[in-house]
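Two complexes follow with chain A in common, the first pairing it with chain B and the second with chain C.
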Partner chain A sequence: MLRQISRLVDPLKGRNLSLTSSCVESKLLRTSQFSTNASESNAVEDVDTKKTLNKAMRTYLERAREHDEFMKTQRREFEIGKRHLANMMGENPDTFTQEDIDNAIAYLFPSGLYEKKARPMMKPPEEVFPQRKAAEFDETGRPYHFLFYTGRPNFYQILHEAVQHIIELNKFEDAMIRKKLEPDPNLTLELSGSKWIEKEILETNLVETITDKEYSSFINVMDRLASLPYSYRIKDLIMQYRKSLINQSKTFEAIIPQLDENGRQFVSVYECRRKRATASVTVRSPGTGKITINDLGIDYFNGVQQREQASVVWYNIFDRFRGKQQKPRFFYCTEKQRIIMHQRPTHGMGQQRTIGRNNV
Partner chain B sequence: MLNIRNFTILTEKICQNIRLLSAAVPQPSSTSNNPLASTEVSQTVKEDVLKHPDYFNVHNLFTVKDLFEARVHYGHREGSLDNKMLPYIYGSRLGYTIFDLDKTAEYLRHALNIAAHVAYRGGIILFFMRSPQNAHLVERYAKECGEFAHTRFWRGGIFTNAEKQFKAVTRLPDLCIFLNTLNTILTQHTAVRDSAKMGIATIGIVDSNCNPNLITYPVPGNDDTPIAIELYCKLFKEAILRGKAKRKEHLEL
Partner chain C sequence: MAGINSLFKTKILLKPNTFSAIVQNGMAIFPSYYIEPIYKKEDQEALKKSGEISEYVHMPTKAALNSQTCSVSYDPILSLFTNYLMRKGQKELARNLVERSLEQVKRIQLERYHKCNSDEERAKIELNPKIIFHRAVENGKPLLQLMPVKRGGVKYQVPVPISEYKARFLSMNWLIEAGREKDRTKVRFWTQLARELVDASNNTGKVVRRKQELHKQCEANKAYAHYRWS
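Coming up: the complex of A and B.
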């Protein structure tokens, strides 16, 4: 009985199966009664522990201890290095932050290397050395994760959960069909403007390496999951594996059209530069379709290329107009629109010319 | 058809002998791999458990009718029959082999008993299934009974080169349950061979096109139909849970 208790009391891990207070008492009793000195009882306990622990756990603990020691050394060296660097830069070592370190390194070791990862750096050891998995099994060597033997438990767990969600959503859809209900079109999952996270990011998140084939099966499963009509019910889970793209049309603020004395909308853009030429452009709506450049029409320009260039400017302006009022007539240069274009050379390029023709 | 049945009685005896020679029958050893090798549950209790022919009452888990309703008796077409499966075949109907469910029941009860005993002794049980249709089901049941599943591509060396594969000394499973013994390209699952190499006991549902030779405890039966797979999963889960419940009970004594 006593042997059994001492086997259960594991000094290395607090994961005892059925340890009760009475067990602890009886163990203490034993050590006080039968041991002549403390070191002897410890030795006995050590042997006992070794017997209980599975070989796998024992080696893991040894490796973990080595890793901890290594990290401790690295941490100490980093701290010393940081203080040295602060002294070199004439700053207070106690208030020297990581940002200061980065700036100091960039200053002391200027590098023109394109790849940022290849440039000199000084980061805390936790960031430099890859994260390691914690123990994946208990004292008896039994793994914690039910997919442990696949070698990539975290990865396959994602797939397992995704399939579970697919099954549940299908069931839900069946129930809705029986009730003659349809998915809410307003809630449909909006996936444009984001993409599935890259393989490398997935790998760091999982602390596992995956092959291209496995990554493509991940994409397949996720695409399938996201394409279900009720996929918005698990939006958070799906978005967790998506990365948003920077969306230009959403960050761009359209110019608000102003009203002139006749109640017509117009937009003016000043300082439109092309090499040394500067133009101010005004677009009116509803327009007449006529174009005025310094009092002349499009034939103000002799060359075809210049005329085309000018029309590119107008299209851009129409686009800005369009941002606020999405009506097709702003898309095209129809007869209803009227454009005034002022073009003048910048300083030192002769007298200022104002081109324009006011058509009504 | 009667010819086949007569032949089976002969072949069954032969096959059993062959299997004893070839299959990886785990030796009752006191290696450090087995956490219960030394006394956790007292030796006498353990012996009583072992001597009892059906300590965990696995015989009442199912009836032959349950097997029939789960379509366990359907085999593959006659042409794909593996001759080593002849002893377990009842006959053929419309060109398809039909399993003798009385025999299946006997083998399945034996296999369930083994699973319960392994669970009782704290062994690690690993479920295998390579058909994509049933993979999720098997994973779910494995999770529910607190055991392990491998339903994915088998990278070579998980058993035979475990230290390199897991980058650490790793305890291998004590029992592998193959819910189908073939892989996706209809050849034998490499893990069957690897388990035999490593002396890991195996339970396998062997269909009429499979080779039972390397399986320690083969169970002849349909390994494709989801209903049948679900039945096997339920039975093994229940047997394992019974074993674990007893283990808990005896540990707290």
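Coming up: the complex of A and C.
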């Protein structure tokens, strides 16, 4: 079995039985590309001389060689282009990295196209040309994979393994019930921060195209697997097919309170923007619980809705100080008249102020 | 100009990094997979207690509307009614009208309250105008509606069940129309609306009559009911 899988990964090497470590890696679903290094092209010639070759294998080898040559040409062109570009940019061609190439292309061909894929690019040929599967059958034409005749062996293998895990987990659950044990609630699989990988990503991982229906059955099976009470036992396998929803782009540091001349703490935030309004906010502690907006109280706002919003903001902050001795005091726009209100002519109603959301 | 730029910026910021493609959702600023905000403190507490909050943590959420607050005085049904009442985007006017009608309701009820002779009668009178409003809307909700269906070149008015949302809309819209019926130079809108609210809360008045008329028509067209599916 191991030998078969190793052949699946690299069929030509597999003939010499020189594989050891890659057998373990072959558990990963990503199948290899056509090989491109020189020793293997020699192997191709050796194979070609044999007369016992199956027709399918011969065709495959022919295709492999063509692809190999094509990739070699592309690679050579890319290397030459890279050196040329480095010379143009006045850099050392030997230390010119892919990042430098991207920067150079962005500089030489500035593009305002929204879609990033549509912008000019220069990438190594391995990234540009899609991956292709290695041979799935031996020289006699016999397929390596037991699900070969499904047409999508890698895809169906995932489903097959998932169902096996479901059966195993059910058995385990039965055993636990017999022992009168319950799953640990602390270990329950937390899936809320992630989602199943998209169809396109799954396809590239499998090196197989799948239909929408097949993708939905993948989701169904995986959902079923993840919903089992003991699914945390195969957490790694499940998380392999999930994508995290969190993408941290910024870290926020809380402002350190300063002391004023009376020894009270205060925090000022300037240029708080909401739609067309700008405000500077100062919060003092201990405070009196009063609000000042441009030297006026809550009645600074004419509309009831704005007053309601302003008082709710006040209430929410006040609520956090509930039960504590110190109370916050608020100053809105104390230093300068910073709330800018754009007046807009309205029909028949005189002039109406437009105020942004929570702009206090 | 700065305002336009800032609006533009917010639009760009809305594009989440975690999603590969942005789904256009009509004229809406937020894509369709954004969930409604949970702005009430009680709702948030309830979610925290039940443990459902962990599901909402990573959901992209729409911003709360200008009018939505966690204030105790906020009533989503009343806010909806204000929005139905609003014309040409004059929200402050609409809000003012609603508030004045609720004040008027309070006056009417207080007048009745003080006219009562016994405590039993007084106990029956509801003095909270918001409760009166909710009762009025509830009493005005129809159970069926008529849908025109063309069969053999003739349009039949076919009775069909009504959705909760549509029923509430009809009830509120009838209240508004009833309020507008009188000439406003003689009877102001809020006065008339207050009367209608009180009447409807007692299961009388124009709105309830209108609902009953619709029910009667539905009853009369009962024979066409099968056109809904055949």
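Everything below uses one rule, namely that the second predicted complex is superposed on the first by the 205 of 360 C-alpha atoms of A that agree within 3 Å, B and C clash if a C-alpha of one lies under 4 Å from a C-alpha of the other, contacts with A are read in each partner's own complex, and residues count from 1 in each chain.
Note that contacts are C-beta pairs under 8 Å (C-beta built on N, C-alpha and C of every residue); 3 or more make two chains touch, one makes a residue touch a chain.
Note that this is a predicted model, so its numbers are computed, not measured.
**Q** Which partner chains sit in contact with A:143 here, chain B, chain C, both or neither? Use first/second/both/neither.
**A** first
**Q** With the two structures laid over each other on chain A, which partner does A:59 touch: chain B (first), chain C (second), both, or neither?
**A** first
**Q** Once the structures are superposed on A, label A:308 by its partner contacts, choosing first (chain B), second (chain C), both or neither.
**A** A:308 contacts chain C only, not chain B.
**Q** Examine A:245 and indicate which partner it touches, taking first as chain B and second as chain C; both and neither are also allowed.
**A** second
**Q** Please indicate which partner A:198 is in contact with in the superposed arrangement: first for chain B, second for chain C, both, or neither.
**A** The second partner, chain C, only.
**Q** Considering only touches as defined above, state whether A:164 meets chain B (first), chain C (second), both or neither.
**A** After superposition on chain A, A:164 lies in contact with chain B alone.
**Q** Name the contact category of A:156: first (chain B only), second (chain C only), both, or neither.
**A** first
**Q** Can you list the chain A residues touching chain C in their complex?
**A** Contact set of chain A toward chain C: 190, 192-193, 198, 243, 245-247, 249, 273, 275-276, 303-305, 308-309, 311-312, 315-316, 342, 346-347, 349, 352, 357.
**Q** State the interface residues of chain C toward chain A in the complex, per the touch definition above.
**A** So the residues of chain C touching chain A come out as 2-3, 6-7, 16-18, 20, 54-55, 57-58, 63-67, 69-71, 73-74, 88, 90-93, 95, 99.
**Q** In their complex, what parts of chain B are in touch with chain A?
**A** Those in contact with chain A are residues 32-33, 35, 38-40, 122, 124, 126, 136, 139-140, 142-143, 146-150, 152, 155, 158, 165-166, 168-171, 173, 251-252.
**Q** Could you pull out which chain A residues touch chain B in their complex?
**A** 3-4, 17-18, 51, 54-56, 58-60, 63, 137, 140-143, 146-151, 156, 160, 163-164, 167
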